[in-house]
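What follows is chain A paired twice: with chain B in the first complex and chain C in the second.
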Partner chain A sequence: MFNQAKPSRGQFVVGGAAGAAVAAFSSVNVIAAPMKKVVIGLDVPQTGPYSDQGQDQLRAYKLAIEEINAKGGVMGMQIEASVGDDQTKAPVAVENARRMIERDGAVMITGGSSSATAVAVSGLCQEKKTIFMATLTHSNATTDESCHYHTFRRYNNAYMSAHAMAKTLLTKYGTGKWFHITADYTWGHSVYESLTEVLEPKGAKTIKNVLLPLGTTDFSSALSQAQAAKPDVLVITEFGKDMVNAVNQAAQFGLTKSTKILVPLADEYMAKGAGDNFDNVVTTAPFYWQYHAAKYPAAKKFVDAFMKRYGAPPSNGAECAYTNIYQWKEGVERSGSLDPKKFIEKMEGHKFTATKEPEYWRASDHQGINSCLVLEGVPVKDRANPYAFAKVLEVHDGESVSIPAASSKCKIESA
Partner chain B sequence: MEAGPFVRRTTRENEDTTIDAILSQLPGQLLDGFIRGLVYVAIALGLTIVFGMLRLVNFAHGAFYAIGAYVGLVVAEKLGLAAGLIAAPIAVAFFAVVFDRILLRRFYSKEPTSQILVTFGVAIVVQETLRLIFGGTTRSFPIPAALAGSFNLGFTQYPTYRLLFAIGIVLLIVAVYLFIERTDYGLIVRAGIRDRTMVQLLGGNVKLASTIIFALGASLAGLVGAAASPIYSVDPNTGFSFLIPSFVVVVIGGLGSFWGAVLGGLLVGELQSVATLALPAASDVIIYIAMAIVLLVKPSGLLGESEMIRG
Partner chain C sequence: MSTADLRFYGLTLLGLMVFPFVIHPIGGYPGLATQILIVAIATVGFNLLLGYAGLLSYGQAAFYGVGSYMALLTVSRFFPSHPNFWLAMMLSIGFVTLMALGIGALVVRLYGIYFGLVTLAIAQMFFFIIFQWRDLTKGDDGLQGISSPALPLGFTSIDLSAPLPQADLGPFGNLGDVHYWYIFAAIVMFLVLAFMRTLTQSQFGEVLGAIRENEERSMFVGFDPAKYKLAAFTIAGALAGLSGALRGLYEGSTNPDALTVDTSGNFVIFAVVGGLKTLFGPVVGTGLIMYLQNVISAKTEAWRLIEGLIFVAVIVFLPGGILGTLLRRNRKGPAQRILAGAVRTGPATDASVPRGVTR
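And now, the complex of A and B:
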């Protein structure tokens, strides 16, 4: 069922077993009518700093595809996945996507984890006139200045997080001296800009922003600067494994005790890795399994199925991956064809309710307008399981925190 | 400039980037660079000794670090950090001896390209085996509570564990130095670096010394891997992320040179740390620039012997 775009390394075994399964099935199909297939590309990091996130999205993709195929597929076609490891690197992600489209005939690419890869793949998909359902990408750029006609991004963006957190930040963190450690690429820049745009007019003083490359393992020099600067707030705009290292090392420098820590975006795996150092830290997420499963039956069904299959709840990126597959399936079925233009017409402005609060796809920039949660980390002893890392402080309606359509820099193509 | 919520600003008027602000942070930053450099030294030392003695370019050195980190993690979770620090170098040394006897020995006299290919291949096998066993998820071992705080040095607060880690590495460097300089094996090793064939002709057991040196280099990486896992998290790719900087260190210091590795490691650590203070975005690339400059000015590295002597 799962083709490997790159049949090497760890996935070889999985690919081989899946290949054998396909062979077994197709021999049955010789007797019955041959099953029609549609290929999609899953382009996620299975190695590199964001591999925890990529692997969890892959689990969600597989779950959604298996569910859909078991119920007859997409318009009678079985979904076949071409999987690639983007290594958390934009050039690799683009090469994977190109191979999926050109060699495997993928009609839709989905993936992300790093906004650098998402923006790059989005550009390729525009050139190739192939649908790109971006998953975990939080930089404003993806649907703002770098938006594309063929790209849809459902995940929250930096602007939404900053505006959702604004009130909490001012009451809980205050307007003192803010020190930033920021991942040096589109996502980090985007979060930094969005946060300072919200905070500085209220009186917060930015004393320094240390930009460090994606994949930094040792944050000690930035942290010892932060220690010398004695800020009131330390903002750690790092993601995946980088965030885990940064927060844990901040604790070693005593900064989690002397300073308030803010992590603008986090997920279950990061909070698990940071353990007690994530206690009391404010963050945002578009989905939180514990909260949404208790509130929405559709979320509970997804979370239960995911836990049953994988023994752990889905991270927020996995939820986006799962819903993206269903959104694509339903869009294809509404348009009655695999033609991207017809699909996009049926997606723009489409309102739906999936695993969380009601949402829609904004036509002007293809941003998913959906809720944004403000969360606060809880100590490990208060977690029912290692992934139950937070309590929900606020739930913001997507509309109220999104970039206003009027001030969007997105100039979307007409085809 | 356009108004509205998205004015892209290139200068941060509030940021304190004056020379005074930078200078006031310099002592803390230099200490950090020194300690960071010691980590590089510890990893590069094994690499350079193995190259010096065996003329072997070992791309599997990072894999030794990763194996040490995982063995340390597993043992530490059950029996505590001290047990992890003992188990890791032993396990890695054992692995290295088996690897050396079964595979690597056949490549000692081959050209560097074959050595790079075979050790790189083993590194990938190790990485993927670790992924099969432990999964791809990032793991870390918490610092024991007694060592978790930070220590006031007057000019800066520095994490206690990192300070102890640094002291441990200094002791390790001294121990390795004494082993090479003061023991009979060390004598064979040093002679072997000069002229392998002559040592064999004089009846020195170069084969045994080779195995010991290889195991020593590997266990150094394994020990550092285990000791560093409470500071850095561990995942199957960890080995590769430490391999590249340690090669840079060895190239800057001079391939095969003991003090070259020490000098190169400290230099790379300080460069990165000071760059993070003055020009953070360049903190990654600066070590490669330094390497390029060294290669242009002194191709054999700062303390490396020239090709003439080595040949």
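And now, the complex of A and C:
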């Protein structure tokens, strides 16, 4: 059922009379009306530094779409996906989204992995009055200063990770010397600002922040500076393959043994790539399959279905992708139409329980308020499977670590 | 106007008119047509360098990228209270032209690999300036969400992002899918092609060809190669700036990616695949590769492989590029004629020809 969208325009692709006739005489097909379709756009990196994350999100999208279509679709419409490889580059992501909206008539775009792409696509979707369900984007900007009326982001943000980590770790490391290696774009800046904002008033001393462009493969100059500075904590704000490279190279410098390593955001694929070097590394995630599947039946159902289909558990980005499709479906059904304005009215403030603790969509900035986990990596020998990479240190309630609505820089456009 | 002129203008107009619709059945869409035309402006300019003057510049992205930044900064930062489309275009093209003139003066005396490397290095320098100057350019995030001002035409102004009236065209889509942006981009492309045609058919174009084929000999005939190369470099830079400015205003965003080596390399691939030394080759090459990048990438993850195979196939089997091979004729080109010392018929129009040239 996972077809590529065919060239067509309009929000519905209504099958011809022939389709109706086939449907009417078919004993399998319960819908005797012409099969309607609704097109959504999946804009994720399949190449580039964040491709592991993008590909895993794509798996989850496919799973969710197959499940929904098998159960009759969204308001009787079968979901058709228009897929694009954003190459972890913002201009490509925007081009893809434009194609999905203009050519394929997509009513909703979902995707991300890099916040730079998410923020850029969010701007386009606002212009095109198309819903954007951002998936893996962790920069505050997405729902803070760059928020938009048509954009929703359920994934945790940098502020949440910083506050969650700080709450768990301050007693142990709060007053030491901190050295930062940061990805030089909206996400990295956002994490660095959030972390220092929480830590410095508590007495942590920031020695240095080395900014490196997205897609850096050689971290040795930054790491030798870190080695010379002898920090108590080394924060590696890198993601995807960049983080794997950075942590593995940090191990060559002996830094994984001599200092505490923090990686503000990680997932199953990154931990797998870093292997034993991820031992003892502290990180955060909005979802961890092992923990949530053991605790919540809905999570277990999702993780089992995902494992059965793909032979590996879902990464946290995949979970967000899966839930985003269902959130969109349910929002459309609650509003009874594909009209974005009606959809947004039904989403704002909506409370629900998906694969984790009860959560809700905050009306003021369209940020999903849900829990944030602080995790600590375990060595490869202690991993039940290659993706069981961590133990849970603490789970923070979403409300307790989110940017307070009052201090948000988000000014959402009026409908 | 001669018959050849009429045929050229007529066919170009016709092609530009049907372009957004004929790509519909193969999965294209009018937005893609607009992007192709905008980017092709830079490729057409680049062809003057590589095709006509034989200069392989690896730095066109600097002009393209700076063009897009200048246009968007003019609208959003320099004159935020009175964003004006023409002003953004003029400042952007003006700045890039000066930039190209300055850089050109440094590099036109270099040959072969040195020319390529120095242009590459200079482009990288601009990349890092844009990347690091966060206060102005927002670094890697780029400028985003800047709505393009309407196009003032004196008596009225047009919102370029508005669609044309709805009219179903059957297998060729719907007229309402086309935005005014396409018409504007098509007009600019038409003017650029007409300019390029005049330029390359003039003595200027012939001298460039002569320099490419044999620089020493063209010097002996009395031309100053550096001056001609500088002119070509500046024109190519200005057109890249024009293309970048349009792209920036069209997208409402730009990003340091516009200045990367990848982007410079793209212009080389576009021009070579389409066909150097042909007027429409760069447009064909840009269209084909951008179509692959955009449409095929949605169908298969192996689209890079397809793109690579096409590039290799063109180099091996169609050394003149797609259009160059189609148009190849067994006659001596004007460049050969001028080198052979053939007497030019008709009055010379180029006032910049140094005195003392024997005709």
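We adopt the following convention: the second predicted complex is superposed on the first by the 380 of 415 C-alpha atoms of A that agree within 3 Å, B and C clash if a C-alpha of one lies under 4 Å from a C-alpha of the other, contacts with A are read in each partner's own complex, and residues count from 1 in each chain.
Everything below uses one rule, namely that a residue touches a chain if its C-beta (ideal position, glycine included) is under 8 Å from a C-beta of that chain, and two chains touch if they have at least 3 such contacts.
The structure displayed is predicted, hence computed values, not measured ones.
K.L.:
Kindly say whether there is room for both chain B and chain C on chain A in the superposition, answering fit or clash.
P.N.:
clash
K.L.:
Output check: A:366 vs chain B and chain C. Expected answer is one of first, second, both, neither. What do you get?
P.N.:
A:366 contacts neither chain B nor chain C.
K.L.:
Given the touch rule stated above, what does A:228 touch, chain B (first), chain C (second), both, or neither?
P.N.:
Touch partner of A:228: chain B, not chain C.
K.L.:
Quick check on the superposed pair: does A:154 touch chain B, chain C, both, or neither? Answer first, second, both or neither.
P.N.:
A:154 contacts neither chain B nor chain C.
K.L.:
Go through the superposed model and pick first if A:47 touches only chain B, second if only chain C, both, or neither.
P.N.:
Both partners.
K.L.:
Looking at the overlay, does A:254 come into contact with chain B only (first), chain C only (second), both, or neither?
P.N.:
Touch status of A:254: first partner only.
K.L.:
After superposition on the shared chain, which partner residues are touched by A:186: those of chain B (first), chain C (second), both, or neither?
P.N.:
Second partner only.
K.L.:
Please name the chain, chain B or chain C, that touches the greater number of residues in chain A.
P.N.:
Larger number of chain A residues touched: B.
K.L.:
Tell me which partner A:103 touches in the superposition: chain B (first), chain C (second), both or neither.
P.N.:
The second partner, chain C, only.
K.L.:
Which of the two partners, first being chain B and second being chain C, lies in contact with A:116: first, second, both, or neither?
P.N.:
It touches chain C, and chain B stays clear.
K.L.:
Regarding the shared-chain residue A:62, is it in contact with chain B (first), chain C (second), both, or neither?
P.N.:
In the superposed model, A:62 contacts neither chain B nor chain C.
K.L.:
Superposition on A: which chain C stretch among 5-13, 113-121, 149-157 or 275-283 collides with chain B?
P.N.:
113-121
K.L.:
On chain A, which stretch or stretches are contacted by chain B in one complex as well as by chain C in the other?
P.N.:
9, 46-47, 184, 213
K.L.:
What part of chain A is in contact with chain C in the complex they form?
P.N.:
4, 7, 9, 46-47, 82-85, 89-91, 94-96, 98-99, 102-103, 116, 119-120, 123-124, 126-127, 141, 146, 184-186, 213-214
K.L.:
How about chain A: which of its residues touch chain B in the complex?
P.N.:
9-10, 46-48, 51-52, 55, 140, 144, 159, 184, 193, 197, 200, 205-213, 215-218, 220-222, 224-225, 227-229, 240-241, 244-245, 248-249, 251-254, 269, 273, 275, 403-404, 407, 409
K.L.:
Name, in rising order, each residue of chain C that touches chain A in their complex.
P.N.:
Interface residues on the chain C side: 24-25, 27-32, 35, 131, 139-142, 144-145, 147, 161, 173-174, 177, 251-255, 257-258, 294-295, 297-299, 301, 303-304.
K.L.:
Which of the residues in chain B come into contact with chain A in the complex?
P.N.:
Touching chain A from chain B are residues 4-9, 12, 14-17, 24-25, 28-29, 31-33, 35-36, 39, 124, 128, 131-132, 136-140, 142-143, 148-150, 156-159, 161-162, 231-233, 235-237, 241, 272-273, 276-277, 280-281, 283-284.
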